[in-house]
Every structure is written in structure tokens, then in C-alpha cells.
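Chain lettering (A, B and C) follows the sequence in which the chains are written, and residue indices restart at 1 in each chain.
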Amino acid sequence: MSVVIETKGLSKIYESSFRGQDVHALTDLDLTIKPGEIFAYLGPNGSGKTTTIKMLLGLIFPTKGSIEILGLKDIASAKVRKNIGYLPEGAYYPDFLRGEEILRFYGQLYGLGGKKLETRISEVLEEVGMTHARKRLLRGYSKGMRQRIGLAQALISDPQILILDEPTTGLDPIARKEMRDILARLRDQGKTLMISSHELLEVELISDRVGILYQGKLQKLGTIDELLTDRDLSIEVESASEEVLSTLSEKGITAEDRAGGKLTLRVASTLNSYDALTLCKEHQLNLISVAPRRETLEELFVRTVGEAQDRSKA
Amino acid sequence: MKKHPNITLALILLLALSIGSFQGRRLDRLFEAQAFLQWIASVGTNERLGLDGSVGADESEKYEDDTLYSDVVVATEATLLAQLGDDFVAEEGHSALSQALENRTHDAAIYRLVKSAKLAPLRGQFLEKLRAGKLEYTQELSYAAIMSGLEGKGSVSIFNLFFGFRKVAANFIWLQVDRYWHSGLLHRMIPLMKTCVLLDPNFVDAYLLGAWHLGYNVTASMDYTPYPLRTWVDKYQDCLGEQESYYYISIDFLKDGIRNNPRNYKLYFDLGFGMYREKLEDTENAVKYLTYAARLPHERWVPRMLYKSLEENGEYEKALEGWHLNLERFPEHSVSLRSIKRLKGLIAERNAGEAKAKAKATTDVAEREALMSEYRAFAAEAREIWVEMDEPYAAARALRLDAIERAEKGLYLEAVSYLDKGRFEAGSLFVEFSDLIIEFKNAGGLPLSLSEQKQLIREEEGVSCVGMPESVREERVAELRERRKPTI
Amino acid sequence: MSAAVDYLRGPWHIAVFTWREGIRKKTLVGFLLLSLFVIFGSFFMSSFLNQTTGSGQIETEIDTKLIKDICVATISIFGMLITIFISASVVPNEVENKVIYTVLSKPVRRMQYLLGKFVGIQMIVLANLMLMTLLFLIAIYIRQGEFPKLLLWSALLTYFEFLVVSAFTFAISCSASSAVLPTIGGLFIYLTGNLTEYLKDVSNRSEGTELADVTIGRIADGLYYILPNLQKFSIKTEILGLSSGAPLPPEVAEQIPNLIAYGLAYAVSGYVIAYWIFRRKEL
């Protein structure tokens, strides 16, 4: 199978009781997710990420367009559901239960039971690194532990597809790192992951393909390499006067960051590296370092959103 | 389902609501049948016990209970008798319906009949009359389901105002009645008591305690009203003074209770024993209500009180039979044993008296002689029993026999002294012996004491009161003559 | 058969889960404690009566009646409040804390989910009712020395009254996003359910010839025939007045199954409405 999730012209309009107040949460989304990849679904708050995911899960219903999961149109069918694990954003898990009890409940909803379920619970707990806390009440869990239990419940039926809504939000750096490792391991097991996030750095580190959503429209879609084509030079110097900086910016060298007596200059890709260095020398700037620089996902994101904003204004 | 989910759901919903609505109507019919049954039970109890209505004659004209009830009786009699089988026998002068209502045994048959299509027109009439307020014996407030939309009435019944918790409201009202009683506000108790049982017609204890308050506690502080000051009341066929009027309020209250709870022995017991026997000294009615009380599931003292009342009412044989039954159930019960002996003695005495009266009446010498020897034999039997019993009552009865013997010989003064001793020996015989003393004194030409003269005056007065109809007065005078006729 | 069992397995696990979560609710425990307080408080009410009367023997019966009536009313009122609060909150709470997303993304159809939730609610309501009834039985036993069996009939009817209110409250809760509105709605249903008789009154009074009169009368009449009438269940208090030793009188014995059928029909209606709302609900 070459595609696990495919949407065609998927749109969602929240009708308002007032004429003309309808909210176009998602417009004509064409998306394909291939098996075994980590797809990062990016966008600012309110851009339509969660709307898309909810439609994929059948929690809300499309106004227009079609969804096919694993080649099936009936996305509420047991076959599809058994192969999707979902971690919602900021979900609450009843804290009067123990870790393993929660997993047992969710496992039972998949029709699992008996020894098979118990083994699976152990496996999943191992996978998310929660074996030590399986007998503890959720009341005593930290936020990271809760998130891992949430991931465990999504994994309980050993699904092919995992849809994770903001999996790392609100976690401390160590927990994030651990979560990232788990996700990478899952990809290595051959699972397909769809991660919605605005933690761009995280995503950049693990994802294969990225879709950027803004105002309900898919603005960019492609692999990280395809999207982040912009490469340029960054030059660190000791200091520079305002006068010098304004002259340099006319030539295509912009001041980017000023920290601890250092100034980072960014050289536009249109400018030759050698010319740039020459310019620095001409203005008698003290060089500290010179390094090649790739555009970050964050920059791409900000740029994309900015462009979209400009377009909608125009 | 898959193709047209909305239509399917709408159909299912419609179906469920229709079933609910249908069931609702069905329940309405059942509640109507229940109300009809309750009403029949009330009016049937009226018929069976010969109770009077709780309202006066002029007001009772407004009500149509009796005509409707007789229609129901006519319509049900044959079917009911057929259903109940040959074992069922209605009492003399009672309809099968009212008789069958007395205890639980025939409830199922009656209910079937009440629900049947045959009685549908009468049921309709009942509802119509009920809604028009033309029925007296209805527990209106209980019929919430069918009482709505009454023309000219408060429409939705009070029932609804309490969300079905009428009984709780009745309880709280009762607490207030209790409070009034302890603060001596008797006049405030009565309306509240009535409200209380209106809200909860099955609040038997409210009837009992209310009647007790009215008959005993309220009247305790009142003075005796001499007959000339009393007023004749048609409804009760009696001369009422201050106390008596409360006795009758109490009696009416208990009778209301009986109509609403015809199967609770306590109400019959309190009416028969508490009111008729203790307060009005009406042994005939006491026997009547105690008999009903004893037919229902009851406590052991109920039949004993009945036997006692039977004895007081002169029905010695029935009383004797009763005590024998009691002895079977409670062997070695000392009161039973004593009562049996006493009744045997009383029967012997009565037989003696009868034989003597016959002997006096006959002209045939031989027959008179035979009767007199019969009389002596009975008297001897009685004496034997009294001597054997060895207790104050028996001793007093024996003294009476002695007194009669002396009187027969013309020794009236001696006879009077025997009786005088006897009446102080056993207080319960005081009235009987005092009457006999007066008789002997008159026969012997002895002067009456002041108290005896007073008693005679009181008796003369007792035949009339304010507003008493002449016919009743004549009756009473005749009764008094009968009582004062020489017995010896 | 096995398909049906498979279909019901999910709802069953959801019901058990709902039950385990529900019995830990603080409002529920609060109401329960309050009702226990009243049940045992009715003892004091009657001892207050005793104190002032002084004549013990006759009064004991009034005591028991007082306790019985107050307890049945208490069970009815607090049980109803618990029913309304639970029925109103189970689904909206789950929407609010997003547990519903994790459940509905599993192979669980919405029908199954609702069924599970509804059954879970009924389990909580029943457990509550049984607990209160049991304590009431004990209270009466302490007082009277015998178990009033008729109370069990009374409790049974009380449950079916709860069931009707529960189903309609549940239906409202399926359309709401928080528990506040359905709770108010549930109370409203309870009140109006008890006042259905007034509709009959309205229709009887609007006998004029004017169009408005006739229309109002028709509407009232229609509603009267469609809406559940909770007053019909009030024989639950009447039953207690019957003597406890004997079997039920035939008229009451016939009313009970009919009332149960009545309650069930309206409960099904309420549930169908709930599903109809929830079937395409955007979560």
C-alpha cells in the first residue's frame, strides 16, 4: 500500500447562526500520508490542524470532500479504527485508576482481553518506559508520565497509524527528548506517524515530511529537504556601528542577533560568500567565525505564515 | 437504518412515544377503576354497617352516592354470586357486593368485575358524578390522575401541589395537631385533624388519636349536662349535651376512617369499645362494631372485649360460645375460665327468672308446680356456680339469689340489706342491684332514700330534652315503664 | 447471538468505567450523605413527637409512619437529584476532559458509546437507590423489628421514575457542552413531569370558540398525551400505607407492571432522542 491516509478536497465549515459569520476551518485539503513516514502537521493555533485530525477520526464530519484511510471510505469501521492510535492534546485520564487499569480499559475497547491483553499492556508500558509506574495511581503521575500513558493507550492495539496531537507540549526538555526517542523508535518499527505540533524544533529533528497549514489552507507540503532549500552564510563579528550596518544591509548583509558582545550577520543567498567577507574586511570588522547556515523550519514557518497573511491582505 | 437514519430514528421515537402515551391512557383507566373500587368499598362499608353519612340530611340530598351504588349492586349481584361460588353466603339484608368487600378473600373477583366492560357505563357515571362533586364518599385527593380538569373546582388537585408527597404534608400537619394539643388549643386541632386525614385518608392513627382526643380529652373538662338542657339532634337520634356532641363528632370521625379504611380493626375497635361502650354505654352498637373488628385480622384483646360487650348486652349464649373459642386458642386462660363460669351462672339465673315468670303467668296448678321446681333447680344451679367461684362478683350474685328468696317470703327489708351488701361487694353490679332495691322497697312499702328518689327523678327527666319529637318521647317513656316493671 | 455479545462488550466496559468514575463524584457522595442524614434525622423528628406526647404505646405507630413517609420522600428527592446530576454530567464531562476522543477513536460506535454511558448511569442510580433503601430498611427494622417488604415495590417504582427523568436529562446532556444546562434541564423535566396534569386543566379551560383558545387547548391536549406524567408514579407512596403482611391488592398488582412499561417506553424515547442528537454531534 502506497498511501495510508488520503484526503481529497476536504473542507470544514462551521456554520454560524448569523449570516456571513461562517468559519472556514479547513478548505480543500489534499493530503496523502505514506506508510512508514513521520508526517509533521504544522500550523499556528486555530489553523485547522485539530479539525483535520478530528475529521480523520470521525469525531466531526466533513462539510465537503473525502477521506480514505487504509484504502477504506468507512473510517468508522472497526478495521480502520483498530489501526489508528490517537493521542489527543491535553486529554485527561481518570486519576483514580492505575496505569495498567487505564490501558486495560482502552484495550478492552479494542476487543482485546485475557492474557493477550496483559502481555500487550506490559509491552506497551515497556515501550513508553512506564513499567515502573504500572501499579501506581494516575493521581501521582507527572505531566510527562501522563503523556506517556496517553501514548501507551494509543499504542495498545499495535496500530499501523499513530495520530499525535501536540505530543510534546508542556513537557520539560528531558521528557521531550525521551518522547522524541520513543517516536523515532516507533518509526523504526514501521509505523506511520502524523504529528501535529507547533514545537518546530522538535518536529524538524524527527520528521520526514512537513505540511504547513494556515487559515485552513495547506500552504506548504514536502520533505524537509525539499522545503528548506535556502542556504546561506552567517558571520560572527565583534561589533559594528549603526552606520556600518546600514551600509552593509544595502549590500545584502543583515544584522541578525546581538548577544554577549558578538554580532551575528546573515548573508543573503544572492551574495557571493567571498564578496561578503571582502565587505566585512572593507569595513574593518573583527571576524570571530564564519559558518554556512541552513534555514530553520521556524523561519520557513514564519515566512510562510507571513506570506499567507500578505496574500490575504491583498 | 443505514440508508435513512433520520427516518428510522423518527419512527422508533414515534413508536416509543406512542407506547408511552398508550400506557399512560391505560394507567388512567386503571386509576379510574381503582377510584371506582375505593368508592364502592366506602359506600359498601356504609351499606354493610348501616352507617350514616357524615353530613346532615339536608346536605345529603346533594349527593347521589346511594342511587349509583344501588345501580352497581344490581348490575353486579348475579355475576358476583356466580363468580364467588356456592360457599359464599351474603348476610341477611346485605348485598353480595358489600359482603364480599369485607375481607381480602374476594378482592380479585370484585376487581375483575369493577374493571369489566359490563360496568363501563356505571364507571362512566361514577367519573361524571365524581367530577361534578356529586359523590360524598370519595377520597378525592387520592385520585390525582383522574381529578384534573374538574369543572368549577380547583381543578388540579392538592395532590399535585405536594409533588405526590401528600403523606409527608399530612405528617407535618399531625405534628402541629400534637403541638396544639399540648398547648391546650383544642378548637384549633379539629380543623387540622380533618385536613390531615383529607391529605392522607389512610392515616389510621390520625383517626384513632383524633377520635381519642375528641371523645376523651376534650370532654374531660366539660360538665355533665342534665337532660332538660340537652338538645335533640335528629341525625344521631339522641339528646346531646356538651360532652355528647363531642362524642358524636368523634364517632363521625371514626366512621369516616372506617369508610376509608374498611379493613382496619383498630377503627372498629375504638368505635365499638372506646366510644359506644365506654362513653355512650350503648352496648348494642358496641357489640356491632366489635363484631366487625373481630372478623378482621386483630389483636387478641379484641374478641375478649366483644364477649364482654355481648354479656353486657344480654347475649349470654354468644358470649359463652366466644369464651369457649378463646379458651381453645389460649388454654388455661384464666379470664376465659372465669367468664365461662360466670356466664353459665348468668344463664342459669336468667332461665330461673323465665321459669318463674311463666309459672306466675300460668293458671294450671300442675304446670305451675313443674315450672316452679324448674325455677328452683335453675336457682340452685346458679347458686352452686356462684359459691364455687369464690370471688366478690360471684358472692354478690349469690347475695342477689338470697335477696330474691327473702323477697318471695315477704322479707323485703332483709332482701334490701342483702342487695345493699352485694352492690358494695361488686361495683359493676351497682346499677342492677340499686334498681332491684327500689323495686323491693316499693313492693314492701319501704321509704326510698334521698339518692334513690333523685335517681328516679333523673330517669323521669331523661325521657325528654329540648326539641325531642313527641313520638320519641312516648317511646322512651314506654321503655322506662318496661324497665321499672316488677321482675320478682 | 455472539455478534450481539460482541456488540455489547464495548458498551459494557464503558458502563463499568462510567460506574467506577461516577461513584467517586463528590456531589454524589454529598447528596447521599445528606439523604442518610435526613433518613436518620427522621428519628429525631419522631422522638420530638414522643417527648411532647408522653403516651408511648399509641404513638409508636405514628412514629413509624412518619419515618416511612419522610424516608420515601427523601429517597425520592435526593435520588432524583443524584439521578439528574449524574445523567447531566457524564457525557459533557467526558467531552470537556477529552476522554471521549480517546474512546470514540477506538473501534466503538457512537451508539455503543451512548449505550455504555447510559447503562453506567443507571448502575450508579440503582446502586444509590439500593443503598438508600437498604439504610431505610435498617432504620425501620431498628424501629419496628420487621422489614417492610412493600418498601421494595416502592423503591422499584421510584427507580422507573428516575429512569424516565434520567433518559431525558441524558438526551439534553448529549446536546450540551457543559453539565450546567442539562442539570437545569433535568430539574425542569422533573418539575414539569410532575405538573403534566395542569396541561389537561389548560385544555379543559380553553373551551372558547376563538382560534387562539382552541389552538392553545389543542397544543396542551397534545402535550398532555405525549409528555410523561411522573405523578403516575406516586402510587409509590400509597403502597406504604398498605398492610405489610398481606399480598398486594389486585388493582395495585396490575398497576405496577403497567407503570414499569410506561417508564420503559419513555426511557426508550429519551434514549432515542439522545442518540439522534449525538449521532452527528461535532465533538
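Quick note on the criterion: contacts are C-beta pairs under 8 Å (C-beta built on N, C-alpha and C of every residue); 3 or more make two chains touch, one makes a residue touch a chain.
Just so you know, these numbers come straight off a predicted model, no measurement behind them.
> Report the chain whose mean Cα position is at the greatest distance from that of chain B.
It is A whose centre lies farthest from that of chain B.
> Is the C-beta contact count larger for A-C or for B-C?
B-C
> When you average C-alpha coordinates per chain, which one falls nearest the overall C-alpha average? Tell me, please.
That would be C.
> If you average the CA atoms of chain A and of chain B, how far apart do the two points sit, in angstrom?
Measuring from centre to centre gives 92 Å for this pair.
> What whole-number Å value describes the gap between the mean CA coordinates of chain A and chain C?
Each chain's C-alpha centroid was found; their separation is 48 Å.
> Please compute the C-alpha centroid of chain B, do the same for chain C, then give the distance between them in whole Å.
44
> Taking the complex as given, what residues does chain B use to touch chain C?
Touching chain C: residues 5-6, 9, 12-13, 16-17, 19-21, 23-27, 30-31, 33-34, 37, 104, 107-108, 111-112, 142, 144-145, 148-149, 151, 155-157, 159-160, 163-168, 170-171, 174-175, 178-179, 182, 200, 202-203, 205-206, 208-209, 212, 263, 297 of chain B.
> Touching residues of chain A toward chain C in the complex: what are they?
Contacts found on chain A: 54, 57-61, 76, 78, 81-82, 84, 86, 88-94, 96-97, 105-106, 108-111, 150, 153-154, 157.
> Which residues of chain C touch chain B in their complex?
Interface residues on the chain C side: 45, 48-49, 52-53, 58, 61-62, 65-66, 69-70, 72-73, 76, 194-195, 197-198, 200-201, 203-205, 225-226, 228-234, 236-238, 240-241, 243, 245-246, 249-252, 254-255, 258-259, 261-262, 265-266, 268-269, 272-273, 275-276, 279.
> Provide the residue numbers of chain C that touch chain A in the complex, in ascending order.
Residues in contact with chain A: 6, 9-10, 13-14, 17, 20-21, 24, 97-99, 101-109, 280, 282-283.
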